[in-house]
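The same chain A turns up in both complexes below, where it pairs with chain B and then with chain C.
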Partner chain A sequence: MTKPAALSLEKGDLLPTLLMVPAVSLVLGVMVVPLAFGAFLSFFDFSFGSFDPRTAFVGLKHYLRFFRDETALKALGNTLMFSAGAIAGDFTIGTLAAVLIHSLSRRLARLVRPIVTVPLLVSPIVVGLIWRYIYDPQGILYWMMDRVGIPFEFFPGVTSASTALLSTIIAHWWQVVPFLIIVLTAGLVSIPTELYEAARVDGAGVVSIFFRITLPLLRDVYLVILLISGVDTIKVFDIIFALTGGGPNNSTVSLSIYAYTQGFENGDLSYGIAVAMVAMIATFGLFGIPFILQNRNRRDR
Partner chain B sequence: MKRMRLAILAAAVLVSLFAQSAAAQDKKPSLLVSRWAGPHADFQKQMVREFPDANVRIDDIDYGSLKQKQMTSFQAAKGTGNYDVVWVNIQWMKEYVDAGYLLPIDDLLKKYKVDTKIYAKGMMQGAVIDGKTYGLPTFAQCLILAYDSAAFDAAKLKVPRTADDLVAVAKYFKETKGSGIAIPAKQGGAAATLYSQLLFSSGGFYFDKKGKLDLLSEPSVYAATIYDQLAKYSVRGATAWHHDETAEAVRTKTAPIGIIMSGLANQNHDPEKSLIVDTVKYATLNGKTGDTAANNAYWVWAIAKNTNDVDASFKFISWMTSPAIEKKQTLANQQISAITSLSEDPEVAKKMPYLSVVMKELGNGKMDPALKNFQVLKNALIVGLSEIATTDAKPEDVLKKIQADLAATDFTK
Partner chain C sequence: MTRTPRMKARSKWPPRLAKAFFLLVFGLWTAAPVYIVVSNAFRRTLDIRRMPPALVFKPIFTHFQRLFELDDFLRYFVNSLVISVSVTFVTIALGTLAAYGLKLFKSRIGERLSNLLLIGKMVPAITVLLPMFILMNRLRLTGTYLGPILAHSAMGLPFVTWIMASFVRDIPGEILDSATVEGCSRMKAFFRIIFPMLAPAIASAVILIMQFSWNELLFSLQLTNLDTYPLTVGIARYVGAISVDWGKCSAAATISIAPIILVGFLMQKYLVTGMTAGAIKG
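Coming up: the complex of A and B.
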């Protein structure tokens, strides 16, 4: 029978644990505790200055209310549409731009790459303001449309419920595509050139090379981008808030904007937190779980 | 040697006198004042140095955190760095009074013989809750009509007297000149303010005499219909405009007439920003019969119940809202005070030609009720008005839906 080894610094059993304590404490204190407190409050009717947990407990009331609340469901729908449209455009435009820039001569690519990444340096709220002036009827977009004979009514931008969400998605593309260009370029550089040379020798065309070599080898890069973009788009607040404020007629109200309205304007903080929690769960379900499963599959392989 | 002694003695006397003076200065009470941050606060920080009865320190913080910080301070013990004086949004007054955070000042008004009749009646009433006065009003804003008189003269149009006249003018400019009226019709608080001002000017209110939500009253439906018509005959893009864009459209001649926030009217007189410096004129935004009533939005200087010095706090708020100090602020940064007579002051009238219009509206103005759930109604109106402005929905149907959706909402407290 062997005697269990005592934990000691000398043997190195305790040291790794001790070294992890500051990092774990930081994560717990800064991330887990506020999140847990937020989740906790969503089960109460919280109000500043007069909160008594013994009488304010309401259980799942706020979550059930969410699914009966017409505006909340509209916000959920808008958020999912924004997320789908934003990611689809990010990926398509980002990939095309990255491949195009990658195919340029090295000298030209060096010149173009920093120029196209400029929007990445602008904060989302400023992006919203820039695009507000672009979409203004006296702004550059309608000046250009007027020059080529396209009437305002063809694309009324943020002034109409029919095109407002698309307008916010376009503004999002403008800001986020440069990020994809940078990441995808890094992925493209890592693909061995021999593969392209061999394909060309075998007579493969540009399209065939793209779909059979480039895309499959960029798969892991896309997965990471999908996770980052997905989380980012479900949380969307700044661009929409600056551009439309959620209007017209709630056509662009997102879950984050609705949570803000409920929590800070209507003073219904607990319901606002419940809406934010739903957004978080949606993010995890849509982008977190597939990412975890994908990682697990890869480990298994 | 004797001279040296004399010099030392003189120096000692001077130092002693200086020290006494500094000590006397220090004997003045200290006041901590709460307000939001910005250029206006920076100006006030300079100005309060002139207040003779106390050393005043202004704690100016971001507007978004102001209410929460004030409420935390109200619950703190005296002498723990709590606020003595607070600048309160009129919408927060009732909540503060109900929670017992503010000090009634009726006795102090009598003691220091302060006449509250100098303030616009509609605004002063907002500071009186359950028969007691809790502060002195200042820093008002409301929606007014600004128009290019040259465009009106060219079209031989008269200044609109009623809301229907205003729609007719907007229609004329839209149909004959391709422009229209500039209004803040973006989904947001500005649109709700416009609706409420049309409602108040037409003699209506959100609630009936029993305090029940009454969005289907005749004035309410009328106000929503006028709003619909104004949106229909508005300048292209107005459904995405808040106050700033609306005011800009007027001063850049994009729109010959607009409904602008009074706080932005001073820019019409800045030659670097405005194309209508010499031709801009102002009029009240009227209701169905030509009456006018602002949706009074303003701030109140109030004293925290846990103030460390009641008298110094009162002297400070009455000093800040005194005619001389209000005039100084008005001339420096176009702040609109609650003092009605200021609009007749030639110096002020020259600097702010729109002030008489503003004061007329404020004098008859009403306030959004300080109810716990009023913001819920306001947010519902914000969305409903956006629907009215951007779709073919009938104003009455939209109001009916809001009324039905809020049937269970408690508007009694």
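Coming up: the complex of A and C.
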């Protein structure tokens, strides 16, 4: 007696569906439900204890407030600047280091790799802590700058609104550049050496080899890294939380930091959620949708 | 030995010197911050402030003593361990099953679902946390281990599934077919054949998800209390103040980074393949 295919675990899509159920329910229950609840709450004035959806509906109030709230707009601007600066540095330093490490002898490269992976394993809160010590006005960075004759005013670090955001970006580079190095190195290994040799025979220089061969061949790898690390830069929280807490003068407040402060410290949960929703929309718009389109193209090829 | 010709072509002195200089600077830039925090954990508070820092000094353990005797830091350590190990088990189990499921789908629905996984990675933690805090508060889950375990698992699961799926996809369909021909059920084939083949992939996913949970701050900050604080929250509570007790903070930071760096070092090969699989294979 054969069972009909629809009810058989051995044929058809019943078994795969069952296999997906635990994972999908966890993500639905713990991620999607809160997100939907948050989207709902962002149109209400929520307060603990006395929340009545019939009277608390405020429509777009929180979103309109966002666009009239100077600090919120500043947080949006800071987040975009952080993202742009972080990505620019990650890519430049990461590419330079990866190409150099790749050109080393195998024994040296094997020595360098364990050092490179260390920053990736350090908790971002500790990264913030370390750099807070480094940026201390009486600390090691300014002692070194003093030694070589650079005045404090040249780079006032986290004490001035003009350089605080850059200081957080530098701390981010320290942690994330190694990720680029690891992924790019894997990409570089996949390029056949014959290509380089042929180019060198034709008299091409190091720079033109990079732009003519390496970069085009690693295009997909770069795109994926851009989208993965880009998403993370829009979400930035921990490093800023430990390093500057958003100051001085709100110059390092990111969307995540501002949503956190509004929601948990000022007790304005609905507005905090609205700010966080803007952060999510920014992530999806800037990196999410391109990511999905890119992935679809790649799989079709 | 394919590299020999390249090495020869580059053996001119000035570029080699520039290269050596860049690598030295880069090595210092990477290693110095970690050295600074770890060495400060063993210095007297007065010496932490002294510039230039002494490279050779007599290590002291008073900061660690204060953490464990006055602050009950061992509890934070155990909490971090309980949370990250549970998260690892949950996500690896569910993620591996789901990845196998994605492979088995005959229709294109598997591919569509794979795309959805990517969306899960893009959701900012704060956007989930604020409403989740309200819900967990109502369910009386704040302050328990279950809060951060559920939160970390749900946030990490799409990523773990994505990595596992990229490895499962590489397993040739013939292996599955031949198992079925020999009378294996599809689940039996999974446990007997697929699961052992995935051991390296699982090692990669384990180190990545474990470091995510071990290092995660934001969810733990709001979902735990004095009894369930993990290390990251313990550290954040020291740093939040205007003046920082550097000795204590450095010791706390050292306790938090030492185990995960050790695990990462031992599993380095898998860490690297995990990261590149996530990024390159898609």
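Here, the second predicted complex is superposed on the first by the 276 of 301 C-alpha atoms of A that agree within 3 Å, B and C clash if a C-alpha of one lies under 4 Å from a C-alpha of the other, contacts with A are read in each partner's own complex, and residues count from 1 in each chain.
Operating definition for what follows: a contact is a pair of C-beta atoms (placed from the backbone, for glycine too) under 8 Å apart; a residue touches a chain by one contact, two chains touch by 3 or more.
What you see is a predicted model; the values in this text were computed from it and never measured.
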Partner chain in contact with A:Gln138 - chain B first, chain C second, else both or neither: both
Touching partner for A:Thr261 - first (chain B), second (chain C), both, neither: first
Larger contact residue set on chain A - chain B or chain C: C
Touching partner for A:Phe287 - first (chain B), second (chain C), both, neither: second
Which superposed partner A:Tyr196 touches (first chain B, second chain C, both, neither): second
Which of chain B and chain C A:Ser103 touches, first, second, both or neither: second
Partner chain(s) touched by A:Pro248 [first = chain B, second = chain C, both, neither]: first
First (chain B), second (chain C), both or neither touched by A:Leu129: second
Partner chain in contact with A:Thr159 - chain B first, chain C second, else both or neither: first
Shared chain A surface residues [contacts with chain B and with chain C]: 48, 132, 138, 245, 264
In the complex, chain A residues that touch chain B: 48-49, 71, 132, 135-138, 152, 157-161, 244-250, 261, 264-268
For the chain C and chain A complex, residues of the former touching the latter: 2-3, 5-7, 9-10, 19, 22-23, 26-27, 29-31, 33-34, 36-37, 40, 49, 51-53, 90, 94-95, 97-98, 100-107, 109-111, 113, 115, 118-135, 137, 150-151, 153-155, 157-158, 161, 180, 185-187, 211, 214-215, 217-218, 222, 231-232, 235-236, 239-240, 244, 246, 249-250, 253, 256-257, 260-261, 264-265, 268, 271-272, 275-276, 278-280, 282
Chain A to chain C touching residues, read off their complex: 9-10, 12-13, 15-20, 22-24, 26-27, 29-31, 33-35, 37-38, 41, 46, 48, 96-97, 100-101, 103-106, 112-134, 138-140, 143, 174, 178-179, 182-183, 186-187, 193, 196-197, 200, 221, 224-225, 228, 231, 234-235, 237-238, 241-242, 245, 255-256, 259-260, 263-264, 269, 272-273, 276-277, 279-280, 283-284, 287-288, 291-292, 295-296, 298-299
Footprint of chain A on chain B - complex, ascending: 64, 68, 71, 75, 99, 186-188, 235-240, 242, 245, 254, 372-373, 375-376, 379, 383, 386-387, 389-391
